[in-house]
Every structure is written in structure tokens, then in C-alpha cells.
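Heads up, the next two complexes both have subunit A, just with different partners, subunit B and then subunit C.
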Partner chain A sequence: MVYTKKNPALLIMGVIFVAIAILAGSGAADGVIGFLKIKKYVGEMVGMGYAFGAIGVLVGAWHWWGKHEEGNLDYYLSSIAGGIFILLIAMVVRWFGAPLVAVASKGLGTVMADKYLHDVLGLNYVVLGILAGIITVNVFGIPKWAENGVRLSRLGLKTGVILLGTLYSLAELAALGKLSVVMVGFFVLGAVGLVLWLGRRRKIPNSMGGVLSAGMGVCGVSATVAAAPVVQAKSVEIAYTIGTILIWGVGCMFLFPVIGHILDLGYIQFGAWAGTGILNSAQVAGAALAYQPDGIETLKVAEIFNITRVLFLPIIVLWLAVWYVRLEETTAGPQVNVGTVIFEKFPVFVLGFILMFALSSTGVFAPAQHYKGKYFDNDIAAGKLLKDEQAATLSAEAGKLQRADRKEALASLIQNRKVMTIDDETVIRGIFNANVLSKDANKILKTATKVVRHTAKKISKFRQWITLLFAFGLTGLGMQITLAAMKQAGGQPLVIGGIVGTTKAVLSLIVILLFVSETI
Partner chain B sequence: MNPRSILLASHGSDGARAAEAAALDLLGEGGKLFHLVVVPDFWKGMTGDDWLNNAVTRARFGKYVEDQLAREVGLEVARLADAAEQRKIAYENSVRLGKPAECLAEAERSGAYDLVVIGAPRPKGAPGLRSRMTPETLVRALKTPLLVVPHPG
Partner chain C sequence: MTSKDSQDIDLQEEAGAKFHRGSALSIFASDRREDFMALLFAMLIALGVYLLVS
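== the complex of A and B ==
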């Protein structure tokens, strides 16, 4: 079979990318750039515009005029059209769509405290990208020439997660890992158990209870796909379950950021809540990026929860297999081999994440002691040392401190005119966070800690790539969410799913508000 | 009306079974029943936003769904074939993937029938897949008289 379609679409998309690069780079689009306040994206528009424009033009020319024969070259190059199609939509939304929504929203004035409507609703490039994907597939359909490449979105997301591994410090990963295992363990197993219990009470077939419990408990459609053959779900049960999960997931992606903003949750709190309460792992990433579009701290937390959830998937599949065979008292069901289930269901990309984390810990990308991509180094220029008058201000207020460690750290700072150790830096952060000193003194302390913290350039690049990969992946994933599938939500799965989903979301929010603080 | 050849769309729901009974009654001995089963095309998008699974798991799911649908269709076909045989009605069937109304119109164009028979949509709130005949598409496309049998519920 020849996959490449003779079509000018890829060539045209390549030309559009190049045109964006030329207009942004030459200053011809300065008026639009100023109006939309998108100067920060000009570098991206030029770099990506030329790079992907060149790919689009070259491969597009081959698509349209070239001779295509069955084989690997045809298969792989045919997917470029779909990949560029997703990328163009994602980037047009990121560069122009989302900024336009922001300008319009700011024109309406603030709606909640000091927040604008688009901030409260999380209408940024990620959410709008997913929406653009959903609209594309449901209104226009995926063009034939793009079908083969739309699946690349999964590769984009998995690569994004793998690169995310570079951003964690050991302490951070250990703390988040413990928290996620406790939260996910309790809520995943609890949700699976609750669905199975409710299913028995409401007399639904075991196969339906099994497939629904996996979807509601672990990671939405992915878990349903993994569990359906194991519990021998009927077609109508699969349709009901996937419909229910998709509708619930899309709803949560919009609702969670709004609730998060109303409750003024911190990034860790929101990431943990989204990672526990939202069913679909793609929507978890979407909600996290919607909550914090200009940074990825929330996404980092949410993805650890996603990874923990997916690691639970083989366990849940095994549990359901044993449960189903025991209840149905059948030998006609699938033969369960523990090793095969674990081997097949284990998410290989998690190994990539671990590898990147391990590499990052060796100091390849940033000094090993980095925290959130920043590292301590007090070898600073003389101009950045504390000035005499600043030292005098701090000396005058030193008496306000009670704790010995704080007194010592401040004395060291005054004496050396710079922060000397990581421990001192932590203590000094504690001083200004405690607001014991005057505003001026706190400002001096903040600057003193800032000048000894440096951002690793490679990590900074990774952060940019991660954002782009998630924007690409989630837009492409939006193209696979059909209203026809969502419409299948109904029957007992909708009732049980509604009860369990709401219970999980509300209880996890309560737990997070009570026990999860903003520092990890 | 005394049709000798009927095109029946049925997938085994309550409404469709009422249509089956009406079609069998109308045909009587010696008639020809052509049974169309439509597998709705929403199944093509049913892996939705799954991205965590690997290709093996997704392929296994796809194969499982195909086999499951084939099993379910097979049961319906066997049941109706039996009923037709008991009444000495010639029976043929076909399975199509797509939108119900479009598939029925295509099936009608590809054969010669005296009557097309379908069941009425189920009442609101009744369980079942959301994949209904769109009457306007169907009525505009059909050249053969159409009988819509009331839902038993």
C-alpha cells in the first residue's frame, strides 16, 4: 500500500511557515506583533518558521510531484503532512489565536479579583489548541493526506514526558514520587473498588463493571483500551465507557483550572489535584498547562502523577483479569500471564524519562545540584556583591532575628558580601519569606539569593521544547476526540462514572487542601 | 401492499426487532429478505485520546473490538436467518461500516427491492448506542417506499 497522497497541502503549509518567518523576521508584521503583544514569540516564529517551512516545502514538493512506491520511505514521509498539519494549527493558535483571545479578554476588564476572563477560564494556547483539534476533526474531518501523520501527536507527548525528566532534582522527584504514590494509590484503587462495588449494587454485567472501573480509576481511555479485552467487554459497554470518560475528561480540563483559580491553589497543589482527579492523562497535561501557561512547574507535578498512574495500569489489569475470571467462573476467558501483562502494559517511555533524569543528575545538562533547572554558584562578579549601604541596612536589622541559624547566615552574608553556601541560601530565603525584616532589607536579601542562582542554558532549551511538544501533542490528540464517541456516554456507566468521578475529584481536592503544601 | 423483496435494516435493538417482525409478516412464504447490519463509523474514533498505550496494546484492542462486533453481528444474523428459514423466506445479509442512513441508501441503490423497512428511533432515555438514522438524509436518497415500524416501548 502507498501511503503518500498526491496533494499540494504540505507544500502550501511549508510556504505558510516560511511566510510567517519572513514577516516576523523582517519587521513587516511589527504592527500585528505589537497589537497582540507577541514579541516574545518572534524568535520562535523565525526559527521554527524556516525549519519546518523548509521541511514542508521539500517533502511537500515530493508529495505533490514525486513518484511514490510502497516502502519505508513512502510510509515515513507520508506522515510528515499530518505532523506539519498539527504543528501549523498548534503554532497558529500559540502565536496568534491565544494572544488575540487575551487581548479581547483584557478589553473586557478583570472579572475575578485581579484576573482576566481568559486567565480564569485557562484559555491559553494549550486549551485553545486542544479545542482547535476537536473542532477540526468534528467540523471538517481529518483530511486523507493528514491521516497517517496525526498519530505523531502521541510521539510528541511521549517525547515531551521523556524530556521532562531533565527538570527534576532528586529531592523533588523523591518528594513528588512519594506524594503521588500515596495519592494515586489511594484514589486509583479506591475508584476501581468503588466502581466494582457500585456495579454490583446496580446489577451491571461484570464485563461492564470491569472496563468502567479501569477507565474511571487509572487513566481514562488508555486504561479502557488496555482492560477491555481482559474483561471481555461487549461493544456497547466499551462505547458507553469511552463516551463517559471522554466527556468527563474534556469537562474536567475546563473546570479544574477555573476551580483552581477560585481557590487560589499553588502549582504543586493544582498539579497534584489534576493528576489525581482528572481521568484522562492527556487532559491532566492540558489542565496543568492551562493553569500555568507561562511555566511548567504545574505540568511537572501533574506528569509525575500521570506516570505513577500509568505504572499502576498493569496492576489494575491483572487485578481485573483475576477478578473477572473468579466472578464469571469461566475458563473461556483470556489466559492471564502475569509476565506478559506487565511486559506489554509497561510504558516504555517512562524508562526514557528515568534515563533523562539520571543523565540530568550527573550534571550533563546542569550542575547536579540544580533545583528546577537553576543551580547555586557564588562565583559572581564584583558588581553583584552587597554594597556597603546594603550591608549596613542588614546589620541594623540583624537584632530582629531570634533563631541562631538565621543570625549566622545573615552574619556570613554581611561579612562576605555574598551568600556562601546552599544551606545559607535556604535559611536566607526563610528570613524574607517570614517577613521579619523591613521591606528594604527583604529586597536586599532577595537580590542576594538571586545573584547566586543561575539558570542552566540547556535546561532552559529543554523547557521550551517541552512546551512546544506538549502543545503539538495535545493539539493532535484533540483531533482524535470525536463528538460521535462522546455522544455514546450514557446508561449505567454515566451514572456510576458521574458518582465515582465526582467523589474522586472532591475528595482529592479536600486531601490536597488539608495536607499538601506549596513546598516540595 | 404485497412486497416480494424487502431491504431491512436491523441491528437487534427493540425497535429493530419490531421492524424484523413486520418485514417477515409482510413477505410471507417465498419472499426475499435482505438484511443490512450497519456498524456505526464512530468506532473508528474509539481509541479517542489514548496516548499512553503502546502499539501492541492498541492493536490488540482494535482486533478485540472487531472480533466482538463480528460476534455480535453474527448472533443477530443467525437469529434472523433462522426466523426467515422457518417461514420459508429467502435470506441474505450484508454488513457495512458507516453512517446508518448513508449505508442504507447505498444498499438500496445496489439492489432491487419493493420496500425498505426500518424501526422507529427508540424513546428518549432508552439505553442504546447514539447512532440514529437521519430521516432527512434517508428520505431524500431512497427511491423505494419506506416503512417505519413504531417502537414497541
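== the complex of A and C ==
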């Protein structure tokens, strides 16, 4: 079969990308850019516009006029049309659609606690991109020439998750890792146990209960497919499970950010909640980016939880194998080797994330001790040292400090006119966060810590790549959310899934509100 | 592709079972191959960033 369609669509999309780059770069679109307040995207429009415009024009010309034969080259290159299709929709939504919604929403005025309607509903480029994808597939249909490329979206998401590994420092990962193991361990094992228990009470087949428990507990479709052979699940049971997960996950993806904004959750709180309560990896990423579209702190937290959950997959598969054999009272039980299933189905991209983190920890992208992409270096210009009057202000207030470490750090700062060590910097941050000094003194301290913190350029570039990959992947994800897939859900699995999913989401939110603060 | 045909975009057959995979489609023959391709792309991007960003 020849997959490439003789069609001008890719060529036209390439021209559109180039046109956006020219209009944004030349200043011809300044009126629109000013109206929509999208100056921050101009660099992106120009860079991406030319890069993807060139790809679109060149490959598009080949698609339209070239001669195509069956084979791998045809199969993989045919996907570029769909890939550019997703990207164009994602970027048009990011550059123009979401800003237009924001302008309209601001025109309506604030609606709740000084927040605008689009903030409360989370109508940003991530949510609107997913919605655009859902509308495209369910209302208009995916064009034939784009069908193959729509399958690229998960590759984008996985690449993004692996690259996320570059952004964590050891300190962050250690703190988040401990929290996620406790939270995910409790809620994943709890959800699996609850599904199995409810399944027995409601008399669904053990194979149905087994596969549903993996899907509801661990990580959506991957876990469902991994557990299916172990509990000898039938195709209709897999379909029921995926339908349930999809309905639940899509609902959560849109609902969690709204609840998060209403409760005013911090990034760590929301990331932990989404990573625990939402089932599917892509939907976790969607909710996290929907909550914080212009930064990826929430995504970073949510993905640690998500990855921790995926790491529980082997435990769950083993548990289900033992459980199923015991209940079915047959030594023949699953005609599969559990070890082989775990090996074959374990998501390698999670190991890629760990590999990328390990690589980043060597300091190749930023000094190894970086925290959130910033690192300590007090080799600063003379103009950035404390001025005499600033030192005098701090000296006058030093008496307000009680703790010895704070007194020492402040004395060192006053004496050297700059922060001398990373430990001193941490202590000084503690001083201004504690608000024990005057406003002026706190401002001086903030500036003193800021000048010794530097942004790692490579880390910034990774953030841009990750944002792009997730915007692409999530818009493509929307194009795969079909009504037919959701219609698979129903009967007892939907009831059990609903009970367990709601219980997990509500309980994890309560635990997070009670025990997780913004500063880990 | 019409919207009706598009409903089958996620129809997948795995281990003899046919079902809608629902937002988990891949262009590759297996999830494992997709994982390795994602790893390869990530490494290429990382290499590019390492070499080109000062």
C-alpha cells in the first residue's frame, strides 16, 4: 500500500508557516501582535515558521509531484503531512486562538476572586489545542493525507517526557521522588485493590476485574495492554477498560485545572494531584500544562508522579498474576510468562527519562547543582555588589534576626558585599521568606540572591523544546479522542471505574491539601 | 476521511484482540519501537542543544 497522498495540503501548510514568519518578522503584523499581546511569541513564529515552512514546502512538493512507491520511505515520509497538520493547528491556537480568547475574556471583566473567565476555565493554548483536535476528529474528520501523521503525537509526548529528565536537579528529584513514592504507592495499590474487591462484590469476571484494576490503578492503556495476557482478558474487556479510562481521563483533564484554580492550589500541589489522580500519561501532561501553560513547573512535578506510577507496573502485573491463578484455581492459569510480559511491555521511555536525568546530573547542560534551571555563581561584576547604603540598611536590621545561621549569612553578605556560598544563599532566601526584616531590607536581600543565580541557557532551550513537543503531542492526542472509543465504556466496569477513580481523586486531593506544601 | 471514518482511527488489533485504543496510537509496529525512537529523538535534540547553545 502507498501511504503518501498526491495532495497539495502539505505544500499549502508550508506556505502558511512561511507567511506567518514573514509577517511576524517584518513587522507587517505588528497591529495584530499588539492587539493580541503576543510579542513574546514573535521569535517562535519566525524561527518555527521558517523551519517548518521549509519542511512543508519541500516535502509537500515531493508529496504532490513526486513518484511514490510502497516501502518504508513512503510509509514514514507520508506521516510528515499529518505531523505538520497537528503542528499548524497547535501553533495557530497557541499564537492566535488562545490570546484571542484571553482578550475577549478580559473584556468581560473578572468573574471570580479577581480572576478572568479564561483563567478559571483554563482556556489556554493547551486546552484549546486538545479541544481543536477533538472537534477535528469528531466533527470534520481527519483528512486522509493526515491520517498517518496523527499517529506521531505520542512519539512527541514521549520525547518530551524523556527531555524533561534534563530539567531536574538531584535535590528536586530526591524531594519529589520521596513524596511521589509514598503517594503513588498508597493510591495505586489502593486503587488496584479496590477495583478487585468491588469486582468480586459486583460479580464481574476475574479477567475483567484484573484488567480494569491495572488500567484504573497504574497508567491507563499501557497498563491495560500489559495486564491483559496475564489475566486472560478478552477483547471486549480490554475495550470496556480503555473506554472507562478514556471517559474518566478526558473528564479529569478538563476538570482538574478548573478545580485547581478554584482551590488556588500551588504548582507542586496541583502536579502531585494530577500525577496521582489522572490515569493516562498524556492526560496527566495535558492537565498539568493546562494548569500552568506558560511554565513547566507543574508538568515537572506531575511527570515525576506519573513516572513513579509507571514504575509500579511490574509489581501490579505480578500481583495480578498471583491473584488470578489463585482465584481461577488452575495451575495452567495464564498461559504466559509473567517475566516476559513485564519485559516486553515495560515502557522504555521511562528509562530514557532516567538516563537523561543522569546525563544532566553530570553537569553537561548546566552546573550539576542547578535548581530549576538556575545555578549559583558569585563571580559577578563590581556594579552588582551591595552598595554602602544597602549594607548599612542590612546592618541596622541585623539585630532582628534570632537564628545563628541567619546572623552569620547576613554578616558574610554585609562584609563581602555579595553572597559567598550556596548555603548562605539558601539561608538568606529563608530570611526574606520569613518576612522578619523591613520591606526595603527584604528587597536588598532578594536582589543579592538574584545576582548570584544564573539561568542555564541550555536548560532554557530544553524548556522550549519540551513546550513545543507537548503542544504538538497534546493537540494530536485530541485528534485520537473519538466518541467511538468512549462508547466502548459501559456496564459494571464503568460503575466500578467511576467509584474508584472518584475515590482516588478526592482522597488524594485531601491528602495533598493537608500534607503537601509549596516548598518541598 | 469523513468524520464517520475518523471514528475508527484508533481501532487496533493486538494479540488477536480488536479494540479502540483511544489516544494511544503509534506509527510504529510496537510500543517498544516507539519508545526507542523517542529516546533517539531526545538524544539528538540533547546533542543539538549541547553543541549549538553556548
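The criterion applied here is as follows: the second predicted complex is superposed on the first by the 510 of 520 C-alpha atoms of A that agree within 3 Å, B and C clash if a C-alpha of one lies under 4 Å from a C-alpha of the other, contacts with A are read in each partner's own complex, and residues count from 1 in each chain.
Just so it is clear, contacts are C-beta pairs under 8 Å (C-beta built on N, C-alpha and C of every residue); 3 or more make two chains touch, one makes a residue touch a chain.
This structure is a prediction, so every number in the text was calculated from the model and none was measured.
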item	value
Partner with the higher number of touched subunit A residues, subunit C or subunit B	C
Which of subunit B and subunit C A:K234 touches, first, second, both or neither	both
Partner chain(s) touched by A:G491 [first = subunit B, second = subunit C, both, neither]	first
Touching partner for A:V310 - first (subunit B), second (subunit C), both, neither	first
Subunit B versus subunit C as contact partner of A:K345, first or second or both or neither	both
First (subunit B), second (subunit C), both or neither touched by A:G473	first
Which of subunit B and subunit C A:I481 touches, first, second, both or neither	both
First, second, both or neither for A:I422, with subunit B first and subunit C second	neither
Residues of subunit A that lie at the interface with subunit B and also at the interface with subunit C	137, 153-154, 158, 220-222, 225, 228-229, 233-236, 238-239, 242-243, 245-246, 280, 282-283, 344-345, 347-348, 477, 480-482, 484-485, 488
Subunit B contact footprint on subunit A (complex, rising order)	137, 153-154, 157-158, 219-222, 224-226, 228-229, 233-236, 238-239, 242-243, 245-246, 249, 280-283, 310, 313, 344-345, 347-348, 473, 477-478, 480-482, 484-485, 487-488, 490-491
Touching residues (chain side subunit B, partner subunit A) in the complex	40-43, 45-54, 56-58, 60-61, 64-65, 68-69, 72, 127-131
Touching residues on subunit C, where the partner in the complex is subunit A	1-10, 14-28, 31-32, 34-39, 41-42, 45-46, 49-50, 53-54
Touch list for subunit A against partner subunit C, complex	76, 79, 137-144, 147-155, 158-159, 161-163, 166, 220-222, 225, 228-229, 233-236, 238-239, 242-243, 245-246, 280, 282-283, 344-345, 347-349, 352, 355-356, 359, 364-365, 457-458, 461-462, 465, 477, 479-486, 488
